[in-house]
Amino acid sequence: MELGMIGLGRMGANMAQRLQRGGVTVTGFDPGEQARAQVLENGIAAVESLQALVQALPAPRVLWLMVPSKVVDATLDALLPLLSPHDVVIDGGNSWYRDSLRRAARCAEQQVGFVDCGTSGGVWGLQEGYCLMIGGETAVVTQLTPLFKALAPAADRGWAHVGPVGAGHFSKMVHNGIEYGMMQAYAEGFALMQKKADLELDLAQVAEVWRHGSVVRSWLLDLSADALKRNPGLAGIAPYVEDSGEGRWTVSEAIELDVPAPVITLSLLERLRSREDNSFTDRMLAAMRNEFGGHAIKPSGGSQ
Amino acid sequence: MELGMIGLGRMGANMAQRLQRGGVTVTGFDPGEQARAQVLENGIAAVESLQALVQALPAPRVLWLMVPSKVVDATLDALLPLLSPHDVVIDGGNSWYRDSLRRAARCAEQQVGFVDCGTSGGVWGLQEGYCLMIGGETAVVTQLTPLFKALAPAADRGWAHVGPVGAGHFSKMVHNGIEYGMMQAYAEGFALMQKKADLELDLAQVAEVWRHGSVVRSWLLDLSADALKRNPGLAGIAPYVEDSGEGRWTVSEAIELDVPAPVITLSLLERLRSREDNSFTDRMLAAMRNEFGGHAIKPSGGSQ
Amino acid sequence: MELGMIGLGRMGANMAQRLQRGGVTVTGFDPGEQARAQVLENGIAAVESLQALVQALPAPRVLWLMVPSKVVDATLDALLPLLSPHDVVIDGGNSWYRDSLRRAARCAEQQVGFVDCGTSGGVWGLQEGYCLMIGGETAVVTQLTPLFKALAPAADRGWAHVGPVGAGHFSKMVHNGIEYGMMQAYAEGFALMQKKADLELDLAQVAEVWRHGSVVRSWLLDLSADALKRNPGLAGIAPYVEDSGEGRWTVSEAIELDVPAPVITLSLLERLRSREDNSFTDRMLAAMRNEFGGHAIKPSGGSQ
Amino acid sequence: MELGMIGLGRMGANMAQRLQRGGVTVTGFDPGEQARAQVLENGIAAVESLQALVQALPAPRVLWLMVPSKVVDATLDALLPLLSPHDVVIDGGNSWYRDSLRRAARCAEQQVGFVDCGTSGGVWGLQEGYCLMIGGETAVVTQLTPLFKALAPAADRGWAHVGPVGAGHFSKMVHNGIEYGMMQAYAEGFALMQKKADLELDLAQVAEVWRHGSVVRSWLLDLSADALKRNPGLAGIAPYVEDSGEGRWTVSEAIELDVPAPVITLSLLERLRSREDNSFTDRMLAAMRNEFGGHAIKPSGGSQ
């Protein structure tokens, strides 16, 4: 099978490599020269334009988008005029499932198939395989089976056609919401043990022992154990946590569907909180306390 | 009526003054010379020892404790040997209601009455009157009525005998828990308006307009409007919020009684959060993200 | 001054009455015959169509919309073709401020002024006056001053021009978010006192005493005291709490602006939770506990 | 090595069996005849009294307590008079670490060693091994090594001497707090997918696919996938979630140490919430909404 990979960043380049290893012939495209050079080193063809990519592929073409969610529309703008009926576009990135529904409709207007494929696995996917949640029409998805088998941890697991278009990105969105909650739970627990100074717990040791036989064993714990082993005090790391769109979408979707998801929601808010500088909320609280109770205000700039 | 006020800090001194204005003869005691000097300026007698205080009062004596909760037991240790049956001790501070139950039992052993009086009003109480939640035996509380009428905003409101010993401090504890939640709600709302920079909302103006006719009008809003008027950007105030015991007791009591109180609980946790330096939780999250996604870690010390 | 009130439901009818009492000549319109009949009883003219309303008003016309947020666009569709340059439309309902920005642009295309007026006060507004947060161009808002003076609790307070178009509905949205948080804080506190059965606290009494001199005194507390006085056990009331759009918008806006607002957010989620039937989340938790711990599952339908 | 197992419930009986399989000679004691009979069937000796147990063991004796946390003190009351210097008591149950500190001191008075061993693994431990977090003095713990190797998933992993007395139960407490948070995160995510009815997601399928290669793969997910496979709609399971002490202790400890742990805390509160019947909080909210907005109250007993 042949496939065009659009976007040769960390994810796209690794996936191209795993696909090729799995017997898929991949041609890559990325506007960046360096990105193209790097995949070439791994024996994957890379072309300099979407036109060249489309021409390099046999019809019906299969194009896998692995680009930031905010440039998916622009990429489709450039790509769709080059495609023919029965070609298929797979969006493997972290797009909002509602955008995917809209994009599928747009592709359908010119009989181009559209598949939304939620992809999990991060930088470990090349080695361990990617978990794939696939949304799309059965006929379209079925013909792509060899791709999913090559990318997944094994031919028969770690990938599934979970529903119609939208279902792939929806379930990936929820996956990431859960991920936020799990991460926050672990982080709070380790912080509590770290603060309990008199017991002198060795966090890396505790993480390691929990990996075997405990109820909380997980891949995130494996990674946590590694991180704590290398850097037990987490020195040099700022308490600053980014978030990407999926957490926000999960929170928003849950509210829209009247599903209370307090833990996933709080996990997102804690990330916002981690990035706050000079919180107005907290200053307002300090000001109010001073108003009614005459409680001293801590002057800003004072040592904490 | 005569009363001995033990503890002439900001609260005790103000209450002594309001009592005296209301026709109660007050003798104060405080170990601090300056505290005694200050009440003397306001025409209130102040003595240098508990012995002197007890001797200065006619039997049965009424002693009002207005001391930090952590020295109540020590004060009782010193005071109880000096008292006689039918004397009454009122704890007007922010004690844990379970301590009050224990202390009432201790007083009862020598036939000394005990009343727990939750007191709200802060630095404004002298001028506006104190809200008093009173716990104790009816016979004991009834004889103290003139005190409560003098302290409250008016003779017939703002004070109540709410139940047996413990009920006063329990309801004051809940009062403070609610206070945490209300403050946090306002603070979050003002922070949101402050962040919505393109609308250039004048927070003092919004607070002022809400004071009249809105659903959220309250005394805390009156104070917020004052604070924002004087210092619209809350300049010079650190985002650092103290908490006293009542919030913690409320959270703990709610859990013990199986009552989910998420908003009061979160309000307490937000205060803890405001005082955190270099959160281990957040560093752990950043470390995990780096592990699985190769997401860049923000180095500590970097500008945020 | 003359004004056309569109929408004669509870809010519109009351506001029409307060305006008329304040010297404004009001003509009302509502598609419902009964609604029209009711305002007529209060001496307010009511017409049967938007056309009739527009014709009844002197130019430049002032139209006040007091309709559900979901029919504002349809109302503008019907109304705008009837209007002339310099007429003004005021949206006094709970619209999303982003819709107001869009609608203002639409009105501007035909030189019709647009003002977004956040209105608080509920069913008590007729008697106590409405709190008005007004967004719009200064020239437009200024000419409407007599209206705001008539509606507000007093001519010089309870109303303010808080910013450009959008600022009125934005600040009203935040107002309601704060309201959610305050209500939840009170409700949790009262629930905790109710559960502490051995102290036999009289919730109506506690609410009443807090109204005078306490830190938590507020209008919502006044209402709570009334409600508890009439129905101390809250008998006959289902634990089912509706929410309207403002809470959701506040949560969503806070996340979009990276402002952590955990208490307002949780307050919304608690309302969703109150309306849940047979929570899948909780069943999933029970199922998981059974899987790893062999903990008994409570069969559905069993008594709790 | 020989060991006396006190408490032959599900956990104790399974652990006795795994120990015996691992070459440890186990004598069991349980006051229940049936419990004793069951371990006998598995080839483990069981005696009828603590006296008999103590006599059956060679000195220095090793006694493993696997009893409910609330009967540990009573068990020690009965056991300690029977023991001699250098005997060792291991508490393998879910005791509060502060109780363990107290009990260790009590044992030390008569030169009896004390080890607190947090034990995770649930009903799967017999087959997969138990994760053991061990607190105690090094000399005491070291001599018990054969026991831990037999119980753990493998001789060299899944068990660790994590610190002094208290460290075992403290880290187990945190483990369970994390467990609460993880479970809640998964449960919310599955509930969200279940509610998104138009995508017709097959939850068992999604859980299964996530088990391979995804960021959220874990043992709890393995169990969730099993549960959903057997009962996709979670039919017959009430939305009622118990909690044991560890979650409460974690929340309380975090607050005492000024560590904000919002997700673990909320996860506990959600369990309380799941067991609430006719929430007073929610009725209070409904009553307030009715007071200020005239919003209809849903009568109790009405269908929801």
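Letters A, B, C and D mark the chains in the order given here, with residues in each chain numbered from 1 onward.
Heads up, the rule we're going with is that contacts are C-beta pairs under 8 Å (C-beta built on N, C-alpha and C of every residue); 3 or more make two chains touch, one makes a residue touch a chain.
All values derive from a computational prediction rather than experimental measurement.
Colleague: Which chains sit in contact with both members of the pair chain C and chain D?
Modeller: Shared contacts of chain C and chain D: A, B.
Colleague: Measuring between Cα centroids, what's the chain most distant from chain A?
Modeller: Centroid comparison gives B as the farthest chain from chain A.
Colleague: Between chain A and chain D, what's the gap in Å when you average each chain's C-alpha atoms?
Modeller: Roughly 33 Å, centre to centre.
Colleague: If you average the CA atoms of chain B and of chain D, how many Å lie between those two points?
Modeller: That pair's centroid distance is 39 Å.
Colleague: Can you give the whole-Å distance between the Cα centres of chain A and chain B?
Modeller: 47
Colleague: Pull out every residue in chain D that's touching 2 or more other chains.
Modeller: Expected reply: 122, 184, 186, 188, 191, 195, 215, 219-220, 258-262, 266, 270, 273, 275, 281, 292.
Colleague: Give every residue of chain C touching chain A within the complex, in rising order.
Modeller: Chain C residues touching chain A: 215, 248, 251-252, 255-256, 258-262, 265-266, 268-270, 272-273, 275-276, 281, 292.
Colleague: For chain A, which residues count as touching chain B in their complex?
Modeller: Spelled out, the residues of chain A in touch with chain B are 10, 122-124, 183-184, 186-188, 190-191, 194-195, 219-220, 223-224, 226-228, 231, 234-242, 262, 266, 270-271, 273-275, 277-295, 297-302, 304.
Colleague: Can you list the chain D residues touching chain A in their complex?
Modeller: Touch residues, chain D against chain A: 120-122, 125, 128-133, 135, 152-154, 157-160, 162-164, 166-167, 170-171, 174-182, 184-186, 188-189, 191-193, 195-196, 199-202, 205-206, 208-221, 250, 253-254, 257-264, 266-267, 270.
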